[in-house]
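Presented sequentially are two complexes of subunit A, the first with subunit B as partner and the second with subunit C.
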Partner chain A sequence: MEESLEDESLLDDNGEAELTAQTALQEIENAWMNETFAPEILPHQSDLVDCMLQQIAHMEENVKRLDKNDLRALVHRMELDRIRYVISSYLRTRLEKIERYTIHILSEEENRNPDEEPYLTPDELRFAKEYLANLETLFKTVALQHMPPNFQQFEVNKFTVKPNVQAHVFLRANQRITGVVVPGTLNEEIDFEEGSQHIIQYSAVAHLVKSGAVQLI
Partner chain B sequence: MDPSKIEFLGEKQLVNIVPNFNLDIIYLISGSVGPFRAGLPVKVPIWLAVSLKQKQKCRIINQEWMNIESLNDRKEMEKMSKLFTEMPSNHYIDESQILLNVANDDIPDADRIRTSVKDIWDIRMSKLRTSVDAFVKSEGVHARLDHLTAMEINSIRPLLPHALDQMLRIQSANMGEINSQYSGKK
Partner chain C sequence: MFGKEAIKLITELDMYEDIRPFNEQVMRQVFKEMQSLYEANLIDSNAIQNEGNNELLPSVHFRHTALLRNKRCILAYLYHRIRRLRQMRWELGSILPTEITTNLLNAEVQWFQNYNKSLATYMKSIGDNHGLNLTVNMSPPKTLYVEVKCLADFGKLELDDGEIITLKKNTYHLLPRATCEPLIRQGFPPDNPDIDVGNVHLRLQARTPKILHLYP
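So, the complex of A and B:
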C-alpha cells in the first residue's frame, strides 16, 4: 500500500515538472522561429534557455542510470539531441545577427532606457564588444596603418550595417489583433483574426512579435 | 529556411503505431509517450515512430486523412475552389513523405496515396504561383495567406518577400526623387 502511494506521488511530481518543461520547450521553439525570420535581433530568452539546459542536464543524469541498450535510454537521447539542436540553432542565429549588425546592436543597447530589459544577455554583449574590438584591430593592422594619415581613422559610423526592418515576413496571429497600420499608407488599418496568416512588413508588426501576439512562420 | 527544418518541425506531429514490445510510459520533456503494449495502437511523435520502425519495433498506422478517397475528395475541392482549402495538417506534404518513405510496407495503397498528395501539392503550388504573380502586380503591401501550410510558405521564401522588399526600395527611391525635384523647384 505504502509503496503504491509513493509511486503515485512520484508520478504527480513528474507530471507537473513535465508540463512546465513542455511549455518551455514550445516557447523556445517559437523563439527560435521568430529569431530565424525577424530581420533584427529580438529580446533574449535566456530564462528559457537556462531552464531547458537544466532539464537536459537533469535528463542526462537519469539516462546515465539506464542500461545502454535500454530502449528508453535511446528514446530519451534522441529527444535530447533534438532539443539541443533547437537551442544551439537559436543561439547561433543570434550570434550571426550580432556579427552582422555589431555596431548597430551595440549602439541600440547603449541607448536603451535603463528601465527596459536589454536585448542581449551579458555574454552576448561581451561577445559583441570583443567582436567589434577585434574587427577594429584587424582593419588597423591589415590596412589602415598603411594608409595616408588622413585615412587612418576607423570610422565606426561608416561601418554600421543596419537590419532592414522593412523586410517582409510571414506570420500567424496568436490572438485577434485590431488596427495594425499598413506601412506606406495613410492610416490604413487591418485586423488579424486569431490563427490567420499574413505577409506584411516587419516594421508594422515588430512590437507584436516581441509581445508574443504574433508568431513568425 | 532549409526544407529539412520544416520537416524537423513536422516530425513533432503525432502518429499511431502498433508496437511489438512492452514498455511503460516514457516521460519525455516534450510530453510523455506510452505505455507500449505489444499489439495495441499508441500515439507517438513521428520522429519516434520513424526510429522505432527502422529498428523494426513497430508498425505505423496511416494518418486518418491519408486514405485515397478523402485525398481525392480534397483534390476535387482544391480544384474547384478559388481560394486555398484547409489541409488536414499544417505539414501534410512532409508528413506524408516521411511516413510513406519509411513505412511503405505498412500503408496500403502507398503509391496511390503518394500520387494523390503530390497532385494536391501541384494544384496548390500552381495556384500559389498565380496568386503571388497577381499580388506582386497589384503592388499590394499586405496579403492574407490562410490555409497555406508550412512547406508551401517556405517554398515562396525568399522569392516573394525579396521581390516585395525590392519593390519597396524602388518605390522609396522614386519618392525620394519626386521629393527632391519638388524641393528643387521651390
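So, the complex of A and C:
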C-alpha cells in the first residue's frame, strides 16, 4: 500500500521515465518560484511545461482506471490538481508581466541577439503583439484622433513601463558563487556559499537567476 | 483651463474601484480645452517666428505642458479602465454582465472582445496545442471536494467522471473543487466546454451574482 502511494507507480514502468517526471516537477516548481519573485520576465520554459502537461494527461488516464473510492485515486487526483495549479500560476504570472511591460518586453525581444534564445515563446510573442495593437487601436479611436494634430502620436517610448530591477529579492545559492558586485557600491564584492541565503538587489543577480545558479525564494 | 478638467477623470478612477459610466462629457471638454490651447499656441508661435517676439515663449511652453498633461490624463483614464476590464475577464469569464457593458464605450467593448480572442488563442496553444484553461485553478488547491450551497436553480451539471447532478436552489452538495470553482466565482457558465450546463439555463442565470456559495 505504502509503495503504491508513490507517484512513480502511476508513471511509466521503466526507471528512466520515473526519474524525469520527478525532476521535471522539481524544475517547474523552481521556474514558478523564480518567475513569481523576479521583477522582469525570465526565459520561457515551454519544454518543461509541455512535458509536465503530457505527464498530467498520462497520470489522469491512469487514475481513471482506479476505482473512484480508492484512496490512491484521491491522493493522486489531489497531486494532479496541485501540479496543474503550479503550471497555471506560472503561465499566468508570465502573462501578467507581458501585459504590464508589453512595450519593454517586445523591444527587448527585438533587440536580442539572434544567437540567443528568445525569452518568450512564439505564442506569448503573438499575444504580446496583439495586446499592444489592441491598446493602440483603443487609444486611437477613443482619444488620439480627437486631439490636435501634433498630439495624435501613439508614443511608444513614453508609454513604456519597465520592471523595477532594483527591487530586492530573497535567494538561495545552488552553488558557490564568487565576486557578486553589490550595487550602489564602488566595487564591493561578496561571495555566496552553496546553500546560503541572501537578500540582494535583483539587478545584481539577474544573470545568476537565468543561469540557474541561484534560486529565488 | 490647464488640466483642471482632465484631473477629474483621474479623480474618478481614484474614487471608485469599479468601472463607472464612461465620462464622455468631461472627455469632450478636455478635447475642447486642448484645441483652444493648441490654437493659442499656433498664433503665438507664428508671432515668435515672424516677429521675433520672444516674450511669448514662456506662455507657449506653459500651454504645451498643459497639452501634454491633458493627453496623459486621458490615456491614463482609458488605460486603467481596460485594466479593470481585464480583471473582470479573469474573474467573470468572457461574457460581461449588462451592468458593466452599459458603462462601456463601443471601442472598449471591441477591446474586450479582442482581448478575449487573444487570450483564448494563447490558452489553446499551451502544451503543444492541447490547450490549458488558465482562468481556473486560481488559488492553491487544499481539498479535492468542497461543500457548497446552491443559491439558484442551475439545472444539470456534468462532473468530470460523467456523473450528472442537478443543482437546485438551497441544496447542499459536496462537489469536486475544480468543477465548481468557476461557478463559485461568478454567476456565469464556465468557459470550459467540457462542462455541459445547458444553454437554456445559462441565459436565465446570467444575472444571478453567484450560483454556488462556499458552505459554511
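Definition applied: the second predicted complex is superposed on the first by the 203 of 217 C-alpha atoms of A that agree within 3 Å, B and C clash if a C-alpha of one lies under 4 Å from a C-alpha of the other, contacts with A are read in each partner's own complex, and residues count from 1 in each chain.
The rule we apply is simple: contacts are C-beta pairs under 8 Å (C-beta built on N, C-alpha and C of every residue); 3 or more make two chains touch, one makes a residue touch a chain.
Please read all numbers here as calculations on a predicted model, not as lab measurements.
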Does the subunit A-based superposition show subunit B and subunit C clashing or fitting?
fit
Regarding the shared-chain residue A:151, is it in contact with subunit B (first), subunit C (second), both, or neither?
second
Please indicate which partner A:143 is in contact with in the superposed arrangement: first for subunit B, second for subunit C, both, or neither.
second
Check the residue A:78 against both partner chains and state whether it touches subunit B (first), subunit C (second), both, or neither.
both
With the two structures laid over each other on chain A, which partner does A:176 touch: subunit B (first), subunit C (second), both, or neither?
neither
Between subunit B and subunit C, whom does A:21 touch in the aligned arrangement: first, second, both, or neither?
first
Rounded to the nearest 10 degrees, how wide is the angle at the Cα centre of subunit A between the Cα centres of subunit B and subunit C?
100
Using the touch definition from the top, say if A:207 reaches subunit B (first), subunit C (second), both or neither.
neither
Just to be sure I read the superposition right, which of the two partners does A:54 touch: subunit B = first, subunit C = second, or both, or neither?
second
Look at A:167 in the shared chain and tell me whether it touches subunit B only, subunit C only, both, or neither; answer first, second, both or neither.
first
Across all Cα pairs of subunit B and subunit C, what is the smallest distance in the superposition, given in whole Å?
7
For subunit A, which residues belong to both interfaces, subunit B and subunit C?
74, 78, 82, 85
Hey, which residues of subunit B end up touching subunit A in the complex?
1, 8-9, 21, 23, 26-33, 47-48, 51, 57, 141-148, 150, 153, 157, 160-161, 164-165, 168, 171
Contact footprint of subunit B on subunit A as seen in their complex
14, 18, 21-22, 25, 29, 36-37, 55-56, 59, 71-72, 74-76, 78-80, 82-83, 85, 164, 166-170, 182-185, 190, 196-201, 204, 217
Within the complex, subunit C is touched by subunit A residues 49-50, 53-54, 57, 64, 68, 74, 77-78, 81-82, 84-85, 87-89, 91-92, 95, 99, 123-124, 126-127, 130-131, 134-135, 137-139, 141-143, 146-149, 151, 159
What residues of subunit C sit close enough to touch subunit A in their complex?
27, 31, 34-35, 37-38, 67-68, 71, 74-75, 78-79, 82, 86, 105, 107-108, 110-111, 114-115, 117-119, 121-122, 125-128, 130, 132, 134, 136-141, 143-144, 161, 177-178
